[in-house]
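This is the structure, below, for whatever I ask next.
Which chain is which? They are A, B, C, D, E and F, in the order written, and residues in each are numbered from 1.
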Amino acid sequence: MRIDNRKYNELRKVKITRNYLLNPLGSVLIEMGNTKVICTATVDDKVPPFLKGTNTGWITAEYSMLPSSTISRKIRESTKGRVEGRTQEIQRLIGRSIRSVVDLTKFGERTIWIDCDVIQADGGTRTASITGSFVAVFDALYALVKKGEIESIPISNYIAAVSVGISEEGPILDLNYIEDSSAHVDMNVVMTEKGDFVEVQGTGEKSTFSRSELDELLELAEEGIFELIEIQKETLGEIGKLIGEKHE
Amino acid sequence: MRIDNRKYNELRKVKITRNYLLNPLGSVLIEMGNTKVICTATVDDKVPPFLKGTNTGWITAEYSMLPSSTISRKIRESTKGRVEGRTQEIQRLIGRSIRSVVDLTKFGERTIWIDCDVIQADGGTRTASITGSFVAVFDALYALVKKGEIESIPISNYIAAVSVGISEEGPILDLNYIEDSSAHVDMNVVMTEKGDFVEVQGTGEKSTFSRSELDELLELAEEGIFELIEIQKETLGEIGKLIGEKHE
Amino acid sequence: MRIDNRKYNELRKVKITRNYLLNPLGSVLIEMGNTKVICTATVDDKVPPFLKGTNTGWITAEYSMLPSSTISRKIRESTKGRVEGRTQEIQRLIGRSIRSVVDLTKFGERTIWIDCDVIQADGGTRTASITGSFVAVFDALYALVKKGEIESIPISNYIAAVSVGISEEGPILDLNYIEDSSAHVDMNVVMTEKGDFVEVQGTGEKSTFSRSELDELLELAEEGIFELIEIQKETLGEIGKLIGEKHE
Amino acid sequence: MRIDNRKYNELRKVKITRNYLLNPLGSVLIEMGNTKVICTATVDDKVPPFLKGTNTGWITAEYSMLPSSTISRKIRESTKGRVEGRTQEIQRLIGRSIRSVVDLTKFGERTIWIDCDVIQADGGTRTASITGSFVAVFDALYALVKKGEIESIPISNYIAAVSVGISEEGPILDLNYIEDSSAHVDMNVVMTEKGDFVEVQGTGEKSTFSRSELDELLELAEEGIFELIEIQKETLGEIGKLIGEKHE
Amino acid sequence: MRIDNRKYNELRKVKITRNYLLNPLGSVLIEMGNTKVICTATVDDKVPPFLKGTNTGWITAEYSMLPSSTISRKIRESTKGRVEGRTQEIQRLIGRSIRSVVDLTKFGERTIWIDCDVIQADGGTRTASITGSFVAVFDALYALVKKGEIESIPISNYIAAVSVGISEEGPILDLNYIEDSSAHVDMNVVMTEKGDFVEVQGTGEKSTFSRSELDELLELAEEGIFELIEIQKETLGEIGKLIGEKHE
Amino acid sequence: MRIDNRKYNELRKVKITRNYLLNPLGSVLIEMGNTKVICTATVDDKVPPFLKGTNTGWITAEYSMLPSSTISRKIRESTKGRVEGRTQEIQRLIGRSIRSVVDLTKFGERTIWIDCDVIQADGGTRTASITGSFVAVFDALYALVKKGEIESIPISNYIAAVSVGISEEGPILDLNYIEDSSAHVDMNVVMTEKGDFVEVQGTGEKSTFSRSELDELLELAEEGIFELIEIQKETLGEIGKLIGEKHE
């Protein structure tokens, strides 16, 4: 039994609220237990210099935590004057993950800015950001379809992400902050609905992990991700079916 | 009649939600129409160097806008590597305002960090930040009282803030973004429940303003602030009466 | 009686020296008692990106204090690597104030850079900067007229600025550093020769102030500003009359 | 057959030169084909604040590429004024990897600084950095043993790292720059001599990868890492056997 | 004949005004023709960490140009967020030069901050800064003597500095901006009243220079420096004789 | 006799290895005793804005020390976020020196980037950088000749650089770190093969130096530089004769 009475393979309560903000084309609040992240997708009619004239778009992500999202107040990166290594690692991961399932050649020379702002942090903020951003980007691309700017939603696959780890009692799914702090091994997995991997990042700072432990973690992650993709589909409803197809 | 059908002296719909986040001692979501700001108060057991050994506390504020809070996406200050002048002006204003009604000698060598994070911006974010922060700081100080760390809430007065301005049709209260963009004169007022001023900042970049216009604006502001203080009091309920008194 | 034997409504000795430097089109040394500020106006044949192609000019200001201008040596902002909040607040104020009386559509796509460098600081540096910059900008625009680049000086009104505050003995005009440090309420006023306001910034960090105190301060400020505008006019002499009119 | 005539499971020529520099306690030049990295370990008698008084040491890593190490000249991060996200990701990875096999409680309150400076880059610089740094840290700790400052080398296990990926022709080991640029999937693996994982980082930006592909990659990596650890052992010679044991 | 009618070995008009500012212990305005620099010396009761506990003082210098001191407006280094290479070179030169004639062990653990702020630039600002700073530091040390904090002025020698260069017409002394821009060779010399060198910096970016040209330049510099030292002595008057001797 | 048994006028063992790296057009490792510097020359088909359209090229230099090149580990400038004054001084010196003998109008609108990265520091890194960069730039220009992009190598003269100083025992040539630390006077000289000066930088922080000492130092430097130029010529071999002539 885990600290919050979950089973080893049980996700926290997940809730995705669409259209959370007025201004961005896509915006969701994703809650996984006490972890709450606002994920938005804004479309800009410019691309970075290396893509100019290639008729290809770009997707990039930024991630930040409110100072009061954590147990001890976190100093703002704007005050420090620099973006931390951890933040950069996370925003690069979110960007790569979403790009892996969007056809960048199908929405013109536009940039989709993903912004993940953590309102409250209780573990798993980077994986929640990916799961939520998928929905926000879906909505933003759907908005472009509705405006007649693109023909169909250029997404090939659902993806979601989850953390898994090895605690004193063995492998567990979707670690909260306390579990994360004491886990020996920590792994983040991003996966498609077909069970293919987008990213696998396992790290054993406190101890190493064997091949069979790795296998157990990957199975646990797959289970959790399939559940999360079901929730994404419910949240999106009918438009969620337009994936990779022509819209009329 | 104004763009959103309000009367010249009518506030937008105001809602203050207390205990919005788990971690900070005080946290509110304040909504004034479509403007939404999370205001939190975190207590740190340290003071800046200039106060060490003086048995005096400090209150300081930081303000930030989510990139997706505005109509066109706003570049993060952490990415720019510096805090903009406008932001610094606002956070200095919030800090000064709240300090004016809290007795810094009555809560020990502690720093209260106020964080105002704008989730959605539709004009009046700095004044909403002050009105909301007052409640968050109240809650944080009350929490110290409950923990037995201080005897009473060292707040002498309610304060709230509002913007007023001169539009084509004359003076108006609580400008939204569109009204703010076209106003000739823009003024922010911070006032106590007794009608005393904490801050008056009026600026006539597009045109100057006469003494009688100034007087009209100040009266409009007073009206709005008294309403806002009523809402603060309702929100705080019973504990809101403990102001400036000993708690048992 | 005040520390320097002035009456409550008495300005310090004011002196404005025009053509203080060789290179800028306009340059003055303004002295208000021991406060000394070099104010210059330089004209650049470019505008910021947001004005390109609009046939409109721009006026922007920068403010800085020499390290040795203050009682304890002030660390250079270049050494710190960032411009302080206070500095940004002041330079935004100077820029807004001067823009309020210059018709930006009447001097082509040019930028007027105002530089206010405080040589010696004894209170009131921001208001002295505004009063002095007005003269420097006047001279720079007059130089453009003389060169035949514009037809007339596109200034609609004289403006000047002064500080007022509430000391132990009551309201006082033009505070020096010692008075400023102990004042309960501090207000900076920028006003035209017609008595219209450009900016009113009153702050009561140490205590709040009532409506009647506000009124007294505004009257004191008006008195001081009218005197300062007289001095500006004397300094400019004949060309000072060319304001808002065609030059031949 | 690969572009440089290697078999799919063949490492490039590996050479580790110890004592490459005079000043640091440990320093190696590691060459993997044309990739050349100077890895050094310097010991400092201080720890970061969070470890003061805990009798625990720390290991941290920095990574940089010479501007002329790459095909097009790379702008210095010192000139840019900030450390890139990719660099931070790599230096965090190196630090975590080495810490996983060193007992931080066994060398006092010291910090071991690892510096990895890429002289020439042809793919696999981060994994070469880990493999080389292990030897440099080994030498630095051995130097402390020889000086009598610690009793034995507090390393529990050999580790090395290698990159694997999926090219058009299938899985390959130890990718050079050209292979890396065209691979669909890219994975970095850090592993001990016992075959346990320290880090697994697989990313499929250009396409996703299946579970069976993941398995193939992990086996290829294991093969390469075991070869690298043999080379580390040959390089270290007799002292390489003192691992995890008391030295006399 | 030179552009301003000087002879090849003629200094511009030199004027040194002492006690130019109220706050610093030593402050002068030095004018060499149109070049005007405020040089101040402020004494701080702290030393940099590397001198703590050594009973030795330190002297350091900072140099800056007002934006409007030059023909085209110079962007502030605070705005750029970094101090330029040229500035750093100059402030290191000023610091080294003054330190060479002050006994750092004779004024306790204090730091003398030299600030050289160029009000108007017409060539030779770095050498004027050195010549002026010498007087400012003299005054600051004399002030410490008067306060009874040190026994005598710990200065061993007068120093001054001047620029020399090779123009189309041959070697010239004390170049103004136009001469400096077209000179083939540019040299700055810092020298004591005994004719010993403190610094020699000659650079031939546009062409190289022979040994005999070097010799001519050094003689010209010596002549100029002896004249400057005479002016320093006149400026200081009686107290200028207290050099290197006990004061009563 | 010196600490390393050299005579007062004896260089350390000098070795220049050409083609040290694969990617840059020119690259050498220069070793002067234990001082080792990688000097590279990279050619970029762009020039800085001030040269656009002038058919003139540019040469600029950057200098850096590996953290582990020095006795105590040197903090990276990328980590500090700024380039130190000393570094800027050195890179400006290298750039000026090389530019003095290359005809910038003879290799088109290209920039030659010189990168000097100190692998190991034992005094004289700036002069070794100049001597080595000369060869790297020679090779880069020769590569342009071979590619048919320019007709001949636009270098007018060999240059090399060396340090000289005054120790307790008198003037010495080519100071190592220990000698440099204790020298009273330190001078860097850059000279052509004809004995003309490019740069002379002498500094007497610990004591001043007389004219006759200066003369001795210059002669010592000349001797050393002539030897270094011989070594450059041997290193370059046949192509070293193509200087300033047409290549067929």
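Simple rule for what comes next: contacts are C-beta pairs under 8 Å (C-beta built on N, C-alpha and C of every residue); 3 or more make two chains touch, one makes a residue touch a chain.
Model, not experiment: these values are computed from the prediction.
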Open item on the list: Along the graph of touching chains, what's the shortest path length in steps from chain B to chain D?
Closed with: 2
Open item on the list: Test of understanding: which option in A-B, E-F or D-F shares over half of the contact pairs of B-C, residue numbers taken as the match?
Closed with: E-F
- [ ] Take the average of all CA coordinates in chain C, do the same for chain E, and state the distance between these two points in whole angstrom.
- [x] 33
Task: Whole-Å separation of chain centres (CA-atom averages), chain C against chain D - done: 60
Task: Touching two or more other chains - residue numbers and ranges from chain B - done: 81-83
Task: Graph class of chain-chain contacts, one of line, ring, star, complete, other - done: ring
TODO: From chain B, heading first to chain C, list each chain in turn around the ring.
DONE: B, C, E, F, D, A
- [ ] Mind listing the chain B positions that touch chain A in their complex?
- [x] 21-24, 27, 34, 38, 40, 42, 44, 62, 64, 66-71, 73, 76-83, 87, 113, 115, 117, 119-120, 122
TODO: Using the touch definition up top, name the residues of chain D that touch chain A in the complex.
DONE: 82-86, 88-89, 91-92, 96, 99-100, 157, 187, 192, 194-211, 214, 218
